[in-house]
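Paired with chain B in one complex and with chain C in the other, chain A is shared by the two complexes that follow.
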Partner chain A sequence: MLDLWASLPPALQDVLFALALIAPGLLAGALVLRGLRPLPLVGAMLRRFAFVNALFVALIAVSVGLGVGLLAQERGLRQGSARSAEKFDLIVAAPGSEVTVMLAAVYLQPSDMALVTGAQYAEIAAAEGVAFAAPIAFGDSYQGAPVVGTTVDFVTHLAGPLAEGRVFSAAEEAVAGAYAPVDVGGSFTPAHGHGPAAEHEAHEGFAYAVTGRMAPTGSPWDRALLVPVEGVWAVHGLANGHAPDDPRIGPPFVPEMMPGTPAVLVHATELWGNYALKSRFTRGDLMAFFPGTVLAQLHALMRDVRSAMSLMAVLTQVLVTLSVLIGLMILVRLIARSLALLRAIGAPLRFVFAVVWAYSAALILSGATLGLALGWGAARGISAVITARTDVLVTANLGWPEAHLVAGFISLTLFMALLPAWLAVRRPLLTDLRT
Partner chain B sequence: MRACLLSLLLIAAAPALAETHDDHVAEAEGLRVLHAWTPATAKGADALVYMEVENTSAAEVMLTGGEAEGAALELVGFSYGAAGEAWTVLPGLPIPARADVDLEPKVLALRWSSVPMDLVPGAELEIEVEVGGHHLHAHVEIGAAGATGHSHAGHNH
Partner chain C sequence: MTPALHVEDLRVTSREGRVLLDVPLLTLAPGQSLALRGASGAGKSTLLHVLSGLVRPSAGRVVWGGQDIAALTEDARARFRRETLGLIFQDCHLFEELSALGNAGLASAFAPARDRAPIRLAAASWLAALGLGQAGSRAVDSFSGGERQRIAVARALAGGPPVILADEPTAALDRANADALGADLVRLAAEGGRTLIVVTHDAALAARMGRQITLADGRIVEDTDA
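So, the complex of A and B:
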């Protein structure tokens, strides 16, 4: 049986799981409503207590929306951060914290790091199986946008063909990220450092001319300004990686003339080459790692948090529904006389049971449907805020996990709705008629 | 008297200790496979086997895969992106002379697809690792389902 399940396509597994979750609730409904037509009466009840019903529906919708929104948001954030790291095959840096280097090189959250020397860079670039080794040199900024020194290969690898203009061909030229604060044809003088403490006059007299703009990548690099690494070295008064009379930019660099770089992105000619290169450059004086591996480990650590979040979402929904059902029981007391009259004129107990259950079910289903829409809207809104704050493109859409959550919720609460219906038919008929 | 008994006990235990120790190492012609392990895996699921492979010879060798219970072990590499985690089959991995390669979680592994029995924690497996044209017989320690390394990882052998 397990083998059969494992052999099914994932999409079919999701559909079947959702059906299995919602089936008990639907089955209960089918049994309760079989052969009866309580809906006109239920419609009348919904209209008669419109305000109270709207309140109940809103309560359920908010609790479902919170759960759905949280799940979708967490997945969107995870996928967005993973997408940002996809282009960073292998990073080589000086020994230290992989997380720190990843945050700096992939997510442009700079920190003080030891440098890969010119000789080490030359060894990496010349290694068998290396398609290109791009220095990633950060530390400067412009209007909050990071200014990163690198090579033409890296620009092309990161974003493909430029959306506008051409790539840099001199040390004083730059390519802007898709949403960087300088237009093609404009120029800027970088500040030394980042944030409020950045020294805006440190590089006075030096300016980069923007010659092109990258297509959006959905990563923090969309806000960055990419410049030749020679420009970064030169603006800091260092050797520029080439002989004094050599006007070229880009590799190969003269090891003795290369001041060093905090990180190197290595792209191999073959897929397996990345793994061989990682082994080769994991050693005492260098650290090689896959950002994808570090990120997957971080996300795996968060899995427990995710499980706790899911559980809390379900519990919140059940608690809200319980309170709604308690409210319904009170409401049933208020309409007890009407229900008693119904029985007095000959309606069978099963019909009264069906009316109360269908009434509860209508509120639950409306609330759950509205909750899905609310959750989707909330996830989209929060995604927009996170994208604006982190520059990591987060797109939170509803998926199967949310469908399973709502299906399970509906099924469970439709079962719980049997309780007020049962209590309604247990009420003493004569007492209710006299009230 | 106590010292004598202790010495006798140590002498008696020595072969057992050496055997346990040696179980972590498979060796042939300058090639060594150390600390092979895998997390507990349910029958029918894919098991990922991790290990350290050392090449102390003077020539580059190719790690290509292996065999367990008559089934092929594929060399696979990990990747992670928006679509989630993925393991891709690699044709082989060169291990330079006097170098080593770590097959470790979320990086590299030998994959045994659809294992025919439950791999339970505390048990051991025997596999062959194909490296440099040799078939090295290695003992694979089965760790807990959430294990992240061999129980002797970091020990010198």
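So, the complex of A and C:
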């Protein structure tokens, strides 16, 4: 049986799981409503206490929305961070923390790091199977946007064809990320360092002219300003990697003239070649790692946190379900007089039961549907805030986990709504009639 | 067919053991009209509730057309009310968000499929007979007290019951409306050969009935024919 389940396509598994979750609630509904038509009366009762019912629906919607939003947001964040690392096949850096290098080189979070030397870079760039090896030299900024020294190969690899203009062809030129604070045709003088500690006059007298703009990548690089690595070296008063009379930019660099770089992005000619290169440059004086793997390890570490969050979300839903149940019992008291009238004029108990259940079901389904929309909206809103703050494009869409959560919630509450319906038909008829 | 009523050794006691109703014998021929009178707390409404099956007696038999409803289950008593009785309450007990026709035809909501259309047609017909034919689609909160009680009467009659039980149907109405409603009730009951039992303080309404029973302390103290 498990083998059969495992052999099914994931989408089919999701559909079947959702159906299995919602089936008990729907089955209960089908049995309760079979052959009856309580909806006109339910509609009248809903309209009669419109404000209270709307409040109840809103409470369900908010609680469902929180669960849905939380799940969608967490997945969106994971997918966004993974997408940001997609283009970074293999990073080679001086020995240290892979996480620190990844955060600096992929997510452009400033950090002090040891440098890969010119000789080491030359060895990496010349290695068999390397399509290109791009230095990634960070440390400067402009109006909060990181200024990163690299090569034309990296710019093209990262964002494909430019959205506007051309790539840099001189050390004083730059390509702006899609949302960088300088337009094509503009120029800027970088500050040394980042944030409040940045030294704005350190590179006074030097300016980069922006010649092109990248298409959006959905990564922090969209706010970056990419410049030739020679420019970064030059602005810091270092050799620029080439012979003094050589006006070229880009590799090959003269090892003795190359000041070093915090990280090197290595792109292999073949996918499998990455593994050989990683193995080769994982050694005492260098470390090589796949950012995707480090990210996966981070996500795996956070899996426990995620599990705890999921458990909390489920517990919250259980509490909400109990609250819904208690709320329904209170709401039933509001309609008790109408129910007593129905019983007095001869309505079968099954019909009265169906009215109460359908009334509850209408509130639950409305709340859950609204909650789904609310969760989606909240997730989108929070995603926009996270994207604005981190530049990691987080797109939170509703997926099967949310559908499963809502299906389970609906099913459980529809099933539990049988209880207030049962209690309603056991209420004292005359007392309710005289209320 | 209108059933005869036969009540025997009927007792209703409170939880504390107080006797609320003690009726050794009460019979009513099919098609008779009866007013139940007495002071507040005399047991009129309790008797009406027992006769309608809304209250199960502590002892005795309540036989309608050969069927002892005191021995029935709650669902069976509901079926009895549905098929045999038309109930009218002092407070009309209308669904405020439904139209006059929706209220008058309320029983169609839980009737078997084959009976739904006839009940709705009958409801429209009774509304017309009670002078509300043009107002069937209006929400009931726009009607006066007298009109609302007429809608309740139409609801009681829509299922075609052979017995009508009314609990203070004119208590909330002014004299003119009370007289008109009383006349309508008696006329419609008589036209259909229905048994009519009315609990009332209203001497004018009671005088329209063929028989009057007065209760005191849960016992019948007077039983007179018109």
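By our rule, the second predicted complex is superposed on the first by the 427 of 435 C-alpha atoms of A that agree within 3 Å, B and C clash if a C-alpha of one lies under 4 Å from a C-alpha of the other, contacts with A are read in each partner's own complex, and residues count from 1 in each chain.
The rule we apply is simple: a contact is a pair of C-beta atoms (placed from the backbone, for glycine too) under 8 Å apart; a residue touches a chain by one contact, two chains touch by 3 or more.
Here the structure is a predicted model, which is why all the values come from computation and not from measurement.
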Practice problem: Using the overlay on chain A, decide if chain B and chain C clash or can fit next to each other. | Solution: fit
Practice problem: Go through the superposed model and pick first if A:279 touches only chain B, second if only chain C, both, or neither. | Solution: first
Quiz item: Of the partners chain B and chain C, which touch A:429 in the superposed model: first, second, both, neither?
Solution: second
Quiz item: Centred on chain A, what angle do chain B and chain C make, from Cα centres, as a multiple of 10°?
Solution: 120
Exercise. Could you tell me if A:351 is touching chain B, chain C, both of them or neither one (first, second, both, neither)?
Key: second
Quiz item: Once the shared chain is lined up, is A:48 touching chain B (first), chain C (second), both, or neither of them?
Solution: second
Quiz item: Once both complexes sit on top of each other, what is the least C-alpha distance from chain B to chain C, rounded to whole angstrom?
Solution: 52
Quiz prompt | Complex contact set, residues of chain A against chain B | solution = 2-3, 6, 79-80, 82-83, 85-86, 271-272, 274-276, 278-280, 282, 290, 292-293, 295-297
Quiz item: Hey, which residues of chain C end up touching chain A in the complex?
Solution: 49, 52, 54-55, 74-75, 78-83, 85, 87, 89, 93, 95-98, 102, 106-107, 109-110, 113, 155-156, 159
Self-check item: Residues of chain B that touch chain A when the two form their complex
Solution: 44-45, 77-82, 84-85, 88, 90-96, 99-102, 106-108
Quiz prompt | Residues of chain A that touch chain C when the two form their complex | solution = 35-38, 40-41, 43-45, 47-48, 337-338, 341-349, 351, 429-430, 433
